[in-house]
Structure formats: structure tokens, C-alpha cells
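We call the chains A, B, C and D, going by the order they appear; numbering starts again at 1 in every chain.
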Amino acid sequence: MRNRTVITVLIAATFFLPKALWCQPPDSSVTEQVFVSPPSGLNAFDTPSDHAQSLSLEWELSPDDGGGADNVTWYRILRSESAEGEFTVIDEVPAGETEYTDRGITEGTSYYYGIVAVAPGGMSEMVGAGPAVAVQNWFSRDRANLMVIAIILVFAITYYIYLSTTGRELYIRKIAGLEAVNEAVGRATEMGRPILFVPGIQDMDNVQTVAGVAILGHIAQRTATYETQLEVPVSRSITMSVGRETVKQAYLEAGRPDLYNDDMVHYITDEQFGYVAAVDGIMVREKPAACFYLGAFFAESLILAETGNSIGAIQVAGTAMPTQLPFFVAACDYTLIGEELFAASAYLTEDKKMKGSLKGQDAGKAVAMLFVLLGVGLGTLAVITGSGAVQSAYDFILSFFSVN
Amino acid sequence: MKRTIPLVITFVVGLSLIIAMFIPHSPFHELDSQFSIFYDVIAVFAFILGGGNLLKVHFNKIQNKRRDWKYSLVTVSAFLLMLVAGLFKIGVPDGWTGDYQATGGLFKYLYDATFQPLQATMFSLLAFFVASASYRAFRAKTREATILLVAAFVILLRPTPLGYYLTFWLPEPLKFLHIPNLSTWILSVPNMAGQRAIMIGIALGIVSTSLRLILGIERSYLGSEGRG
Amino acid sequence: MANGNKTTLLDRFSNLDRRVIFLLIALAVIIPLIVNYTTYIPPSLIVQTLFDKVEDMPPGAKILISFDYGPSTVPENQPMANALVRHALEKGHRVYLMALWPTGARQSQQLIEEIIDVEYPDKVEGEDWIHLGYKAGNQGLINTLMSDVKAMYTTDIAGTAIDEFPMMDGINTLRDFDLILALGSGFPGTKEWVQFAGDPGNIPVGGGTTAVMAPLLFPYYPKQMVGLMGGLQGAAEYEAALIERYPQLSERSRIASTSMGPQVTAHLVIIAFIIVGNITFIFERRRSRKY
Amino acid sequence: MEGQPFLASPLASAIGVWIGAFMTLMIFSFLYKDNPFYKFAEHLFVGISAAYWMTVAFWTTLIPNLIARLWPSQLGGVLPSAVGNQVEWQYLIPLLLGLILLTRLVNRIAWLSRWAMAFVIGFAAGTNFTRYLQSDFVSQIHNTMVPLYEPGRTAGVTIGSIFSNLVIVGGVICAIIYFYFSKEHKGTFGRAARVGIWVLMTAFGASFGYTVMARVSLLTGRMRYLIEWASGQSW
């Protein structure tokens, strides 16, 4: 997985081009001679870790930038498709910069670059470099840290899944909202009223919806056993298809396929508020004894929960939308907060492998806490001691968790 | 067969998308965007399923004269009217090549006259519901509820003159308790800490659930093998 | 007897029909809109110091105002800009308008057309105010302006050579301004002005940001920023301070304040309900303990 | 094509304002109680919006992303810009998966539709895995790794800023501990988890309070619309 190296040729030769090419400031006198030293060491090369989208330039500052006459205001960057061809200005960067990324290029074409230092009233000679060709790279080096972190997490989770199959009993703490699920189904049965399940308003391409539908499977088993009416209005038709498969399967497993019918899971509309208007209507007219909101929610969360509350239903909510959690927590009887939603199906199914994956998630949390403490500790220590070694350790750990 | 092939599809699609993240070379580079388009196209076919289901449910109601069946007539006719207006670009000044949402077209008109106000009004109901939820939920019943109450209360005071007059007299060393300062602190310190922890937890939950899906451990969505 | 009455009142509150809440919220929004109620929101310290900074400089001070936002945040940012420009011109300062966002220049142009041309026709372009326009470069532009303003701004937005404007005399670097006011809603914005101009050049920087951004900037006050308006509320507070000092503006300068009217009443209604709810709860608990 | 079309005329727009105002009032009537007006508006909204999104999907996805890639030459009358496009055969895959999804309508082969669902689920798992790992897991850890004490960078009382940093770091750790599933919440661990709940409750209360302003703005917007209608300003 090594990058294909790009031949980078440094052209030491300097191009003397007519000054007119560089659009003189309108009122500067041409006769006045201003001496600015050019930057040096211009290097043009394929930007690593990208899809042939750009070329990179590097140079060393002009001696008059930050020193010498200290009169450089910016650098002008020029480009051409042949060494002798006409160079056109592509951009300007402020003095003090030593890097530039050119994104206006085509894959496979050779480009030559030039750079000049500009001072008030004049500019330096041009320094050139090239040719450089943009190619597609095979490995994203700037994401290597992410890969390491992904591997650690994947390893932790699969390791505990494996461990769970070897017969080790894993402890999982109680999750209040989930204990309430069975209670709510029981109450609806007693009262002879239906149960409403809302799997959020997102499609199956959101993992939250997948988690919600998995819990729906569990609830459907209960309603099949108790012969309680179940109503699942959805706002996406793929969710409807998956929901039907899940509920049908649950009724089959509970031995009551006769009670299942496709209309339990029905589509309303993809429109967020149209869906809410209809679900509110269902609530006030059918008065379900229990309402479940498990999936991805947006602003409609509180409209649903307040209407559900007004009809006196037991309400259990769960979402991984941080913006909507406050409303569910305030208006529902039980709320699965964020990660608890994803833990729910593991908890409810009592499946060993699923429990193993929860343990793996906890290992991920331990990693997170460890690095937070390590980072904070090193950072603080670096400030207090002023030690270069600690500082570089801190910088390393920071860059390990940077995503640029 | 009925479950194996789907499991293989999920495995291959999921895994290749994860790998693609680290390979900027074709064909992996385009995988994410290509699959997104694939997904969008599948979703369009799903609309046929959804629209068909909507019509079926309401036709059933009308046929059996079930409760509120007359309102089902409203849904069905609104649906068909809007669909015809949009698919046939009725009234669009430039005809078939014009924009289906062009001004002057029936589709745009119906959108402006009905869809838009209905949507905005449903959304604005939230102003009432935040009030009723606050009245009920923000009570000092337990220690947790009290914390919830106090944090919300301080932030709610912030944009009112009350928030200023209650605490503006505080002496300099206690100025940090002045409501505008205190609310800023709550928002940018404990609130941020809570949000971060939630986000880290959610990310782990999603990573783990995705992995369970890819490995086929979580498969309730697939329904039954059907034994026949 | 008395006890019986008290119980019914308590019952009424503990089983309060939520439609009462709905009605009061509706009234809390409608009435301020109809009577055009503007509330006086006492300026918080962070806004008051910003106002004082502009107010306490001797007339003729050079103030650079950067418009670093687009149409989507106009409801929050534009009232800030209006209030600041009115204040500066009332006080007799010189105002330099520029933008780090291409969309920002359109907003400053709108301000010139709606505020300066209409309300301050006697103020002279080039002597009292100038519109420099947008230049690309983000924080790099700030960097360059630190060493040479006229190298970047060779002309004003209309293309007139910069040296023809008397108010540009003596403006060579950002350090020649007495105050920089940055109105931002993202990157680049107020934060970059602090980091690339305020801190390295020791130039006073103030300004305003959207409510979402504000918490990220509060830590810069008071050392690195002279003051900050956060969101619509910050703008309303500045308007309040402005009207108090210049009552002649009370008719014109109240965009933010009118939008805040329904906000304040609705918030107060919700606060009142929370208090009533808790009092009810305390009495309920006392009653249940009694029996 | 003489004059402007009726639906763009001032009269039509005035009628539109009246319809919109009635729709607004019908929805608000739900706050009092369920009633025929709300039922009408609700059923109308469902029909209109379902067809709206279907139409949008048809013109923005099906035509440009599927038909224009497979049969561009057929689109002369609708999307002339697509006519010269190269045919991209890989788009037969979503076409096939889409058609497979429709097998749900035929009971005997309905199980085939699972292939399309499996694709969607795989897509969900793959994209969510990387996105959440990157922007929620890794970058939130990154943002929390700040020195407790930063001379010169943080303003105000230094003790105050150290305290704030401690609250952030401690808050994040305790709240993460609350989410721990495989260890019983008792002893020191349990106390930390309890602090974690308090941090979460503070965050929930604060976000709730902060959102009220945005919600009231929405209602203000609706009320302005009604006032302008009632006073005749908007028609």
C-alpha cells in the first residue's frame, strides 16, 4: 500500500517573463525599481492521500519576507501546461505562507508552476517547478489514525462477542426504560386498548431506525401472545416493508400468525409534519394505552409526546438524537438515552452474542476515558512544566485524535 | 437461501463502504456516493409501495364505510390531485421541459396555499407544547428532576428582564451568579460535557450495531426463513 | 370551610387543563404583536461594555466593521449592524465597512441603502463612511491587512482609487483603527478577528455573533474582546442601550426589540407556570403527608 | 401564451392567502380538541404531502439519476440536457433492486424484496459506522483533551477557568460511566454514574430552555401571518 511516487522535477532555471503578464497595480510607476528576492526551493507534487483532485506546492520564504527588506505582501502563484508555455496567475497567498494546494487541475495532466514574491510597487523574478501529475492514491494516510481506532473498536467488540459464545455469563445492568416495555404492554392488554409504536421518521438507512424496528419485533411478540392490538404508522415505505417482515416474524414465533395482518404497519406520508398530524389524529381517536417512540426523531418528538400524554398513555421513548432527548425526558415516562437505544435489542433478546457486543462497547468507553484523561493530563503537564518532551507527547496524542 | 443471500449482500455492502473510507482510489472512492444514489433510486420505487399502501388503506375505509370514511375521500383526492399536478407539470409555463415547481404551475400553487401553511402551523404547535411540558415536567420531585428544573429555569430567565433584575445587584466576586453569566456558563460548560458524553456513547452504539448488522448477528429485520 | 376552599383551588391547579396554558401562550404572542410592544431588555455587562467602548471614544474615531455572515443569519446579525452603525454615526465616528464573506458585502450595501442614505443623508461618503467591500482570503486577508491595508484595498467597492478618500489618510495597517467590530456567524468570523488581529496587534475587537456561536466566544471577554452581542437578544440589548442614550432613535432603532417582545412575554408565561407547578407540587406533597 | 397564467395572478395569490389562513386556523383548532376541521386539514395534509414527496422523488431522483443514466436518449422531451450522456450500465443494479422491492406486492415471491432491504441495511451500517466514528467518537475525544490550565488563552478569573475545565472533563467522564452496561453501578463507580446523570440532566434542562426561543419564533411567524391576513395586508 505504498503511494505511487510522483516524479518531481525541480527547475532551477528562472523564467523571465514580460512584466505585463502580472497585472501591475494601476498607479505604481514602472520606472521605480523595487528589489524583492524571490522565494526558493519551489516543489510541486501530487497531493498524497487523495483522489487525484489536487497538486501541492511548497516553497521557502523569500529572504525579504519576515527579514531583509521585509516588504513582501503576498506570493503570486502561476501555472502552465508546458515548461515554456504561457503561465497564468491562478491565485495569491499572503506573505508568510509556504504551502499551497491547487484544486483546479485535471487528473493525468502535467503541470508546471511558478511563484513570485510581490512587494508594494514591484515583484521578484519567478521561480519555477514541475512537471507534476495528479494521480489517485491507494491509501489515505491522513486517515491512518482513524483506521487504528476503528480496528481497536472492531477488535474489542468482536472479541467479546467471541467470548460470549464460549459460555461465559456476562452481566448487563438494568435499563429502566426497557423494564417498562413489558409493563406497558401488560397495561394495554388489561385496558383492552391498542399499543402505538412509532419507529421515528427516518428511513432504514439510519441505524437508529434499525434499532427501533428491532425493539418493535420484541414488542410484537408480546402483543401476539396477549392478543393486544398493535398499530405502527410509519413515514417511510422501506421502513414499512422491514417493519412488516419483523412483525410478521414475531407473530409467527409467538405461534399466532393468524393474528397478523399487513395493515398493522402502514405508511402515512414522508412529510415530517404531515405524519405527525396523522399520528396525533390516531392518538386522540384510538386512545392507545401505551405509546412507544423508538428511532430517529426531530422536532416532532414533543408534539407526539405531549399529545400522548394528554390521552393518558404510558410513554416509552428512545432516540440517539441529542437535540430531542430533552423533550422526551421531560414529557415521557421512560426514555432510553442515546446509546441505551442501541443496547435495547441486545438486552431484550437475551442473545449472548448481542450481550457480548455491549461489553465490547464498554471497552470502547474505557478507551475513550483513558485517552481523555491522558490527553488532559499531558496537556496540563506540558503547560505547567513547559517541557518540550511532554508537549510533543501531548501534540502526538492530539493529532492521533484529529480528523482533518 | 432466503436469509443467506441477504446476509451476504449486507456484509459485502457494509464492509466495502468501511474499507472505501481509507482508499481514495477508484472504484472505492466513488462507492459512497454511488451507493447513495442507488439507495435514492430504491427509495423512489419504495414510494410506489408507500403510495399504493396509502391508497389501499383509504379505499378500504371508503368501501367499508368505516368511521371517518368521508375524510379518506379528502386524502385520496388531495393525493391524486397533487400527484397529477406534479407529474404532468400542469400549468407550468414552459411545458414539459419546465421546472415542475415553477410559479404559475398548479403544483407550486397547491404547495404555497396548503402544504406550506399546514407544515409551518404544525411546527409552531411546539410553542404551546413546550409550555405545557414545562408546567408538568419541571417539578422538584427528585434530585434529578430538580437539576433539570434549575438548569431550564436559569436558561429560560435569560432573555427576560427578570433575569437581569433578579441578580444585577450581586457584588463583583459573586458576579458569576448573575443570570446572564450563569446561563452562559451552564450552556458552555456542563451542557457541553453532557452533550459530548451522549455523542461518544451514541457513536459507540452505532459502531457496534453496524458491526452486528454487517456480521449478521442482528437479523430480525430479515423476517423468517420460511421453512418452505 | 376555609380548608375546603383551599383544597379545591389546589385541585384545580394540580389538574390544570392544559388548554389554559395554550390560551395564555397564544395571548402572550399575539398581544405584543398587535400593540407593537417592545420590551426594555437591560443590557448585560458584556453588551454594555461594548456600547461604552463606542460611546467613550472621542468623535472621529476610526471604526472598522466587518460583515462576516450571509442571508440565513440576517435576522440575528443585521439588527446588530444597524445599531452599531447608527451609534457610530450619531457619535460622529468614521465607519469603514468590509466583509470576509462575499455575501457580507451585500448586507453592508443593504445597510448603506436602508440606514445611512435614509437616516444620515448629511454624512459624506469617503469622509464619514466608506464601503471597502469583500476580499477573498479569510483569515489570510486579516493577516495581510495587519501589514498593509491599501495593498489589499486599492479601491473601494465601486472601484474608486482608495487614496481619493480623505478618511483613508493615515490608515496603513489594522493598527490604525481605533476599534474593530466583527459581526459573524461562522468561519471566518469574529473568532478569527480576535486571533489574527486583536491578539497579535493589540487592537480592541468587539462585535456580535449568532446565538449558536456566542457561547464559543464568551471566553474571550473581557481580555481579548471589548464586548459581544449574542444573537437577537444581544442586538436588542444594544438597541436598549442606544435608545437610552439617544432617545431620538427610539422610533427607528427597534427591530430586534420588537422581535423580542413576544419572546419575553412567552418566556415569562412559561416561567410563571413552572413556579405555579412547583408551588402546587409542594402543597400536594404536604397534603399527602397529612393523610 | 398571452399574459401571465392565472395561478400567478394577484387574485390567485389572494385566494391562496385565504386558503392558507384557514388551514392555519384548522390546525390550531386541534389545541382545543379534535374536531372535523382538524380532521379535514389533517387528511388533506397527508394526501398533499405524500404526493408532494413522490413527485419530488420522481423529478429529482428517478429521472436524472436513473432514466438519464440508462436511457438518456429517450429524455429529449423532458430533460434535453441529458440526451448526449453516456449510458452508465451499473445503474441497472438499483433498477433491479427497486423492482425486487416491488415483489412485496406478490405474496409468493415477496421474500425476494429482502435483497433490496439487505442492500439498504448494509448501506446504513457502512456509512453510519465511519461517520459516527469520525465526527462523534474521535473528534469529541479530541475536543475534550484540553489542558486544565492555559495561561494567556483563557480570559477572566483563572481559578474560574480551571474549575470550568475540570467540570467539562469530569462531566464527560462521569456521564460516560453512566452509560456503562456491563458493570454494576455501585460504590465509587455508582457515585460517578450518579454524577453522570446530574450532568445529563443539566444538559437536558439547558437545551430545553434554550430551544424555547426558537419555538416561540415559529409561533410568532404564524401569528404575524394571521394578523396580516386578518388586517388585509397580505392580499
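The rule we apply is simple: a contact is a pair of C-beta atoms (placed from the backbone, for glycine too) under 8 Å apart; a residue touches a chain by one contact, two chains touch by 3 or more.
What you see is a predicted model; the values in this text were computed from it and never measured.
Number of steps on the shortest path from subunit C to subunit D, with steps defined by chain touch: 1.
Listed here as common contacts of subunit A and subunit D: B, C.
No other pair of chains has as many C-beta pairs in contact as B-D.
With centres defined as mean CA coordinates, subunit D is found 4 Å away from subunit B.
Per-chain Cα centroids separate subunit B from subunit C by 31 Å. If you average the CA atoms of subunit A and of subunit B, the two centres end up 17 Å from each other. Residues of subunit C in contact with at least two other chains: 18, 22, 25-26, 29, 219, 263, 266-267, 270. Shared interface positions of subunit D, i.e. residues touching 2 or more other chains, are given as 27, 30-31, 39, 41-42, 45-46, 48-50, 52-54, 101, 104, 114, 116-117, 120-121, 123-125, 127-130, 133, 137, 141, 144, 169, 172, 176, 179, 200-201, 203-205, 207-208, 211-213, 216, 219. Shown for subunit A are the residues in touch with two or more other chains, namely 146, 150, 153, 203-205, 207, 210, 238, 241-242, 245, 268-271, 273-274, 277, 285, 322, 325, 327, 329-330, 337-339, 343, 358, 361, 364-365, 368. Viewed as a contact network, the protein chains are fully connected, with every chain touching every other.
Residues of subunit D touching subunit B in their complex: 1, 4-5, 7-8, 12, 15-16, 19-21, 23-24, 27-28, 30-31, 39-59, 61-62, 65-66, 77-80, 90-91, 93-95, 97-99, 101-102, 104-105, 111, 114-130, 132-133, 136-137, 140-141, 143-144, 160, 164, 167-172, 174-176, 178-179, 196-213, 215-216, 218-219, 221-222, 225. Subunit C makes touch with subunit B in their complex at residues 16, 18, 21-22, 24-26, 29, 39-42, 44-46, 214-216, 218-219, 233, 260, 263-264, 266-271, 273-274, 276-278, 281. For subunit B in complex with subunit C, the residues that touch the partner chain are 127-128, 130-132, 134-136, 138-141, 149, 152-153, 156-162, 164-165, 168, 175, 178, 180-181, 184, 187-188, 192.
Interface residues of subunit A facing subunit C in the complex, by the touch rule stated above, are 25-27, 73-74, 93-97, 120, 310.
The residues of subunit B lying in touch with subunit A in their complex are 18, 21-26, 29, 39, 42-43, 46-47, 49-50, 53-54, 57, 60, 68, 115, 118-119, 122-123, 125-126, 129-130, 132-134, 136-138, 148, 195, 198-202, 204-213, 215, 217-218, 220-224.
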